[in-house]
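Let me begin by presenting the structure, written as structure tokens, before commenting on it.
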Amino acid sequence: SNDAEGSSEATETEDGKQIVTFWHAMGGASQEALDKIVASYNESQDEVEVRAEFQGTYDEALTKFHSVAGTDSAPTMIQVFEIGTMSMVNSGHIEPIQKFIDEDGYDMGHLEENIVNYYKIDDQFYSMPFNSSTPVMFYNKDAFEEAGLDPENPPQTFEEVEAASKAIVESNPEMKGFALQAYGWLFEQLLANQGALLLNEDNGRSGVATEIGFTEEQGKSIFEWVERMNTDGTFANYGTNGDNMLAGFLAEDVSMFLQSSANSRDLIDNAPFEVGVAFLPHPENVEREGVVIGGASLWMSEGKEEAEQKAAWDFMKYLQSPEIQAQWHTDTGYFAINPAAYEEELAVEMHEENPQLKVTVEQLQATNPSYATQGAVMDMIPEERKIIETALESVFNGGDVDTTYQTAIEQLNAAIETANKARGE
Amino acid sequence: MRIPFGRKIVTYLLLIAAAFLVFTPTMMAVVMSFMTNQDIMTGSLPSAFSLDNYRRAFEQFPLLHYVINSFLVSIAIMIGQLILASLAAYAFVFLEFKGRDFLFYLFIATMMVPFEASIIPNFHTIRDLGWIDQYTGLTIPFFAMAFGTFLLRQNFKQIPKELREASQIAGMGDVKFYLKVVLPVAKTSLITLGVYGFLTSWNMYLWPLLATTNDNVRTVQIGLRQLQSQEQMNDWGVIMAGAVIVIIPTLILLFLGQKKLQRGLTEGALK
Amino acid sequence: MTAVITQEDQALFVRTKRKQRYKQFIKGILFLLPSIALFSVFLFYPLLRTIYLSFFLTDASGATTVFVGWDNFVTLFQSTIFQQSIKSTFLFVLYTVPLTIVISLFLAIIANEKLKGIGFFRTIFSSTMGISVAAASVFWLYLFHPTIGFLNIIMDTFGLEKVGWLTDPSWALIAVAVTTIWMNIGFTFLILLGGLQSIDKYLYESADVDGAGYFYKLRRITIPMLSPTLFFVVTVTIINAFQTFGQVDILTQGGPQNATNLMVYSIYREAFTNYQFGSASAQAIILFIIILLMTIIQFKLGERKVHYQ
Amino acid sequence: MSYIELKDITKSYHAGNNILEQINLTIEKGEFFVLVGPSGSGKSTLLRMIAGLEDITDGVLKMNEKVVNHLQPKDRNLSMVFQNYALYPHLSVEQNILFGLKAKKVSKAEQQKRLKETAEMMGLSELLDRKPRQLSGGQRQRVALARSVVSEAPLCLMDEPLSNLDAKLRAQMRVEIRRLQKQLGLTLIYVTHDQVEAMTMGDRIMVLNDGEIQQVGKPITLYNEPANLFVASFIGSPKMNMGKTEIKDVSNFLVNKTLSFSADVRMQKAFQVHKNIIAGIRPEHIQPAIHQEATHSLEVIHVEQLGNETSLALDVGGELWTAKWPGQWDITAGNQLEVYISTEHLSFFDAQTEALIRPASFSGHGEVQAI
Amino acid sequence: MSYIELKDITKSYHAGNNILEQINLTIEKGEFFVLVGPSGSGKSTLLRMIAGLEDITDGVLKMNEKVVNHLQPKDRNLSMVFQNYALYPHLSVEQNILFGLKAKKVSKAEQQKRLKETAEMMGLSELLDRKPRQLSGGQRQRVALARSVVSEAPLCLMDEPLSNLDAKLRAQMRVEIRRLQKQLGLTLIYVTHDQVEAMTMGDRIMVLNDGEIQQVGKPITLYNEPANLFVASFIGSPKMNMGKTEIKDVSNFLVNKTLSFSADVRMQKAFQVHKNIIAGIRPEHIQPAIHQEATHSLEVIHVEQLGNETSLALDVGGELWTAKWPGQWDITAGNQLEVYISTEHLSFFDAQTEALIRPASFSGHGEVQAI
């Protein structure tokens, strides 16, 4: 156990470099990409050494941070998913990066507007955006063609999706038209796309939310949409499991589905057919509002030495640079938070090769900045998602929309109440 | 005694059928580990076999280092559990004292505390003890084991009481009786428990993840988890390759362990 | 009768008896000390803490914020989700425990023969205990895949309707149970095999001579002589079934429609994603009490039937 | 110097059902004390209580003048041969034998010396590396015996240590055990079912029946003057023949309504005191009428040739009596046999109290001879 | 009608080390066949092979004319009393006894009937509800015996079934077993160490030593005409006295350089054929010089009173010989004793081949008598 010591206590390497511990939740290919960036940073200068340490899933990493926050074991910086934002703010163990922005006179203006919108709370930056993605609709161009649909003109609205689904199923009974993962995040996105708020108090951004912010019509529209496709027999049920849905899509069992844009590269590479990427659909009777940013941001621990924090800040800035963002974007499929990255050769090349990838960027840029697309902030979001998922599954399995919706709303409001109470405020 | 031919055939048939059923999922994983991700995801039959997944699994995390850590941790836990559980079981079976039954039920009760419910307080404890990123933090919390104590108690109860009496007459104290008679006679269950202890430690994920912050003392399951990503499509071939690599040592251990499970040590002990 | 025992003797008896009892007690405690010490730190303390937490609301880091008394419990018992969770848990125990034991016993019995290559089969049968929950769940996730999964492909070839193993609420719990049984087989098999191995072979010889057939021996000798091991296995399998977590997390995440929202999974979610440590603790306490009751019943009813040497 | 003293020792497994009833007994240092009694009479239990393996329900057990009721077995400094051997299945014969010595930290050299001697004595030298399950029944028993012998503890408890050995080996072992016991001055409590062992080895014998002491005494005393019917029929093999006795007239009495004997004065008095009397005669005292004149004639029911002697089942008023004659007699069942029975050889017991009234007399007969 | 036939049966646990060596044997239906031999000679192994519990390394085992080498024990239709009892620890005495009957689906009524009879016969009626561990050694053995008896299987194998019973009970059991065997026409193979059992129960006895058959024959034949030195010393207790024999002159020979006898013509011839001769005489044939004139005078080393007989250790040329006289003789160790030894009672063996040259003769002596 001898060589194990030090890492959490020592803040400098033997040759005097400032150590920055960086906890993240990136597994698989993303970890490879991240490690590459960290290595390049460590090589690019000789003052700071960043140590990127995997801490499990977002949930696990966050739980662990909460447990060690304020002690020596806490890392210098940590990656936290977007819905952990409020709990980080409330934890009291973080240093808002606004402090460093101000000290440094750093300009966040060059970052993607929508991303900035999400992470700016009460007009200040608590954390540095890092890996971001939005949901898009993937579709099977070959199947579209077979069904006599225009592969270059994917459905835009719920109703168009339904129609396309019918056409697909008609042309190929083996294939379902559309799949929606029972995933709270997608529900939130579909709400936002209608311009609906998830929580009141402007999605919790003007004050502490006290109940849900969407109307019955807005909320039910999604359930009803699914129900209609279910009755048509065009809907494929993959439950809560995203991997299953991806496999179903690749195995040509379903022709359209919604998923994070971060999957684009992998899908295009692995599909034995032409993959199309489209904007998130919306009900016919409302305008498209746009999407909310998802993903994670980087947080600074409180109580660390200034030098250490400075070093971490330097690394964060490094991550913003167009070259790094271009590389990150091409390696992983996450957005470049710095739009300048898209001008980089690397990104340009890739977009030329796979023009579908541009759609994700376009969708983000076509988003109307509003409270709805800023996204909701509250510490009960994870619970909200679970409730929504259960409701979705219920509808998927033919449950009654009205009762399902009513139950879900009751549970949501109760959860909000408890969360507010638990904060002891 | 010879087993009759007919029964032999039937037994073999049953064995083969059962082995096939039990091993299919594992076998499937092995096959997948040689397949390309595209084949896996589209559900098609393997178009090509390659070792690519293994190469990538080895590249992705310091596998050997993790395996060594896992071995150290698992062996330490196994030994610790064997010692503590056998000591406790001995007391529950061979020593008579007030409150023994109460303590036994208390031990059993500990099995009912869901691990997930105690993980945070325990994490705080090792944090306060400064055991994070230490082998101590990874091992010591698991030394005491109600489950093992229970298993060994059941087994120790089967030891004929004459053996204890003979030892008492020979002037042997409890410690010596425990070492010289109980442990060797209960070899079978010690091995079973040892294998179990080793494998559960080997397969632990959540605790090692919490108790370590960096690669120095991390174990293979964390490595395996690093092969999976959350928001992106998983490379199942690589994940399966990693799983297969991690399973191989355990299969070897099981093979050796079951060889030691020899018939009936108590046999012929007594008239 | 006690006439010959003098007063002194009597006093001496009492004294030595007391001394001996004291000595035995000390000895017992010494043997148990390492376990007790570790249990106190890593189990009893958390348990007490859990009890304490169950009366509070907490913030994200698990610090108590508001004392709510029995509210957490009251809320739970009123919650349909929690009721469903208890129901699922009991169903799950009912699905998994008997099958695990019957299958493992069957495997242990056929693998207990002295045949060539039996080591290979024993390794295969115990192999599932060498596979971590995460890996095993992933294997089954694939087997259960609605379209490319092995199971549905088989169903398809036999002309049966495909089953939404993990998405259909009436199947999901069964699917998780199947996975769990598969995972438990290895370990249960190994324990039972160990138990079978330590049955004195004279008993079988004696039965052979008595003209007992295979199943008669199984029923009258093997099972009773195995009863301590069986008792252990049943107790442990029940407790483990109540505490199932990993499979659920990977396969269904409690869905569909909370059909597989087993108690520990529910606890886990409540604590680690919702940060409601108070409510999670209350659930843990309820689970603890349920298992405790079940085990007490088991010991009261079961251990009487167990034959020790 | 009393070494072991039992005062009112009582044992019960279930309240109200005493296995041993108020046992009072003193065993001297260096004594060879034999315990006999029917199966289930409590011999093993008594031994186990002395060893400290069984709780004493009531009464006081003293060793060396000290009360040891609550002393642990390991502190009693004794060795024991268990009726069921209790060998350690995981240890080889050698390790089994040395087990106790190792526990007592006897020096290696001494261990080896004693092991060698004992193994030789028991005929186990070839088997030292075997595990118990690879031994025959008799071999296991010898290991159990060796384990006790090797310890040289001052008190040895042996529970039928020779029951599974053949006659030849048993004779040899008898001599060896007796020699060792004398040589080391051991106190030995020895349970046996073998008449020869009981008679030849013991300094004293105790007869136990149903948890109660029937008689304690020198072997020959028990044989010649059994305290009661039970002892009379238990000691001696084949067992003593018994018959109801009735007075025919003043000077004659009838046994089993068949055999008539003349009654002397003492007998006549006895008949006045005791209502019902049972007469007993040992099989060897129903003698062939060769050197004496025949006194009775009896029908032979069954003849058994034992080689060195012949056992005859004779009909005595409807009951089967046994006679045992040395040598091989060519007698055919069904014939009448002329026998000589002396009144002197009859023992008399009260049928009610079962106690001895008058033992057989052994004086004035050719067979007791001083040269 | 040969019921069991063993042809060249060989057994080894480890190659090259034969426990049983080419056993050839035929047992008739309804025969009571006794197996004796020293501890470890392979008796239990032979029994276990007949039962099918032990693989037959080599040779053929036939039952009812059929080869059964590979037949399962349960298909051999036999019952067995194990030397170590092999009771089911988890079953009560009653269940233990009925185990086999239930397995064979004997009707409930029949079960109860047989149980009652057997339990009564074995004295187990009171103990039916006990578990084996609550029984005494002898009680356990009786349960084991009862289990075999109750099955009424046509072939019974019994491995020292009475070793832990007291003499009285044993005598009773002997009679019962013999009666049952006769009554049901059972074939019984019976291992025992007890001379009386062997001599009185068996139709034939087989003596085994070191895995080899020494002699098979009627009990009395084995006693009177032991095939070799081993049988001579093994059968009979105390064992036969042996001494080296030398020719002094044409008509005289010396045993152990001490006892001189006159040699008849046959003896003289024998001395010409065999170089070294050993003479043997049974203890009961060294007789008191009462009715005959003394032939020799020997020093008494040791006297043991067995009650019904007296055992004398006598010095014969430096070796200890045993004499056994019926009754109780008051003889003091150290004295010279006048004894009568008849040449007729001497058996002669070739010292090299160990084979019998001439058995003792039993004709023309008072003890063999026809009335």
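Per-chain residue numbering starts at 1, and chain names A, B, C, D and E are given in the order in which the chains are listed.
Basically, a residue touches a chain if its C-beta (ideal position, glycine included) is under 8 Å from a C-beta of that chain, and two chains touch if they have at least 3 such contacts.
Since the model is a prediction, treat every value here as computed from it, not as a measurement.
**Q** Please state which pair of chains has more C-beta contact pairs than any other pair.
**A** Maximum number of inter-chain contact pairs occurs for B-C.
**Q** From the centre of subunit E, which chain's CA centre is farthest?
**A** Farthest chain from subunit E, going by C-alpha centroids: A.
**Q** State, to the nearest whole Å, the distance from the C-alpha centre of subunit D to the C-alpha centre of subunit E.
**A** Roughly 22 Å separates the two chain centres.
**Q** Go ahead and note the Å separation of the Cα centroids belonging to subunit A and subunit D.
**A** 94
**Q** Let me have the rounded angstrom distance from the C-alpha centre of subunit C over to the C-alpha centre of subunit D, please.
**A** So the centre of subunit C lies 57 Å away from the centre of subunit D.
**Q** Among all residues of subunit E, which ones touch two or more of the remaining chains?
**A** 52-53, 72-73, 83-84
**Q** I need the residues of subunit A touching at least two other chains; which ones are they?
**A** In subunit A, residues 60, 63, 67, 243, 247, 251 touch at least two other chains, as defined above.
**Q** What are the residues of subunit C that contact at least two other chains?
**A** Residues 62, 145, 147-148, 202, 205, 208, 272, 309 of subunit C touch two or more partner chains.
**Q** Show which residues of subunit E lie in contact with subunit D when the two form their complex.
**A** So the residues of subunit E in touch with subunit D come to 13, 36-40, 43-45, 83-84, 123, 134-139, 141-142, 159-160, 163-171, 193-196, 199-200, 219-220, 223-224, 233-239, 282-284, 288, 290-291, 304-309, 311, 324-332, 335-338, 362, 366-371.
**Q** Okay, in this complex, where on subunit A does subunit B touch?
**A** Residue list for subunit A touching subunit B: 1, 3-5, 7-8, 21, 23, 25-32, 51, 53-58, 60, 63-64, 67-68, 71, 73, 75, 133, 243, 246-247, 250-252, 260, 262-263, 266-267, 270, 272, 294-295, 332-333.
**Q** Quick check on the complex: what are the subunit D residues that touch subunit B?
**A** 48, 51-53, 72-74, 77-80, 82-91, 99-100, 103-104, 131-133, 137, 140-141, 147, 151
**Q** Enumerate the contact residues on subunit C facing subunit A in the complex.
**A** Residue list for subunit C touching subunit A: 57-62, 65-66, 81, 141, 145-148, 164, 166-169, 252-258, 269, 272-276, 278-279.
**Q** Which stretch or stretches of subunit C touch subunit B in the complex?
**A** Result: residues 21, 24-25, 27-29, 31-32, 34-39, 41-47, 49-50, 62, 106-107, 110-111, 113-115, 118-119, 121-136, 138-140, 142-143, 145, 147-148, 150, 182, 185, 187, 190-191, 193-194, 197-202, 205, 208, 214, 228-229, 231-232, 235-236, 239, 242-243, 245, 263-264, 267-268, 271-272, 277, 280-281, 284, 287-288, 291-292, 295-296, 299, 308-309 of subunit C touch subunit B.
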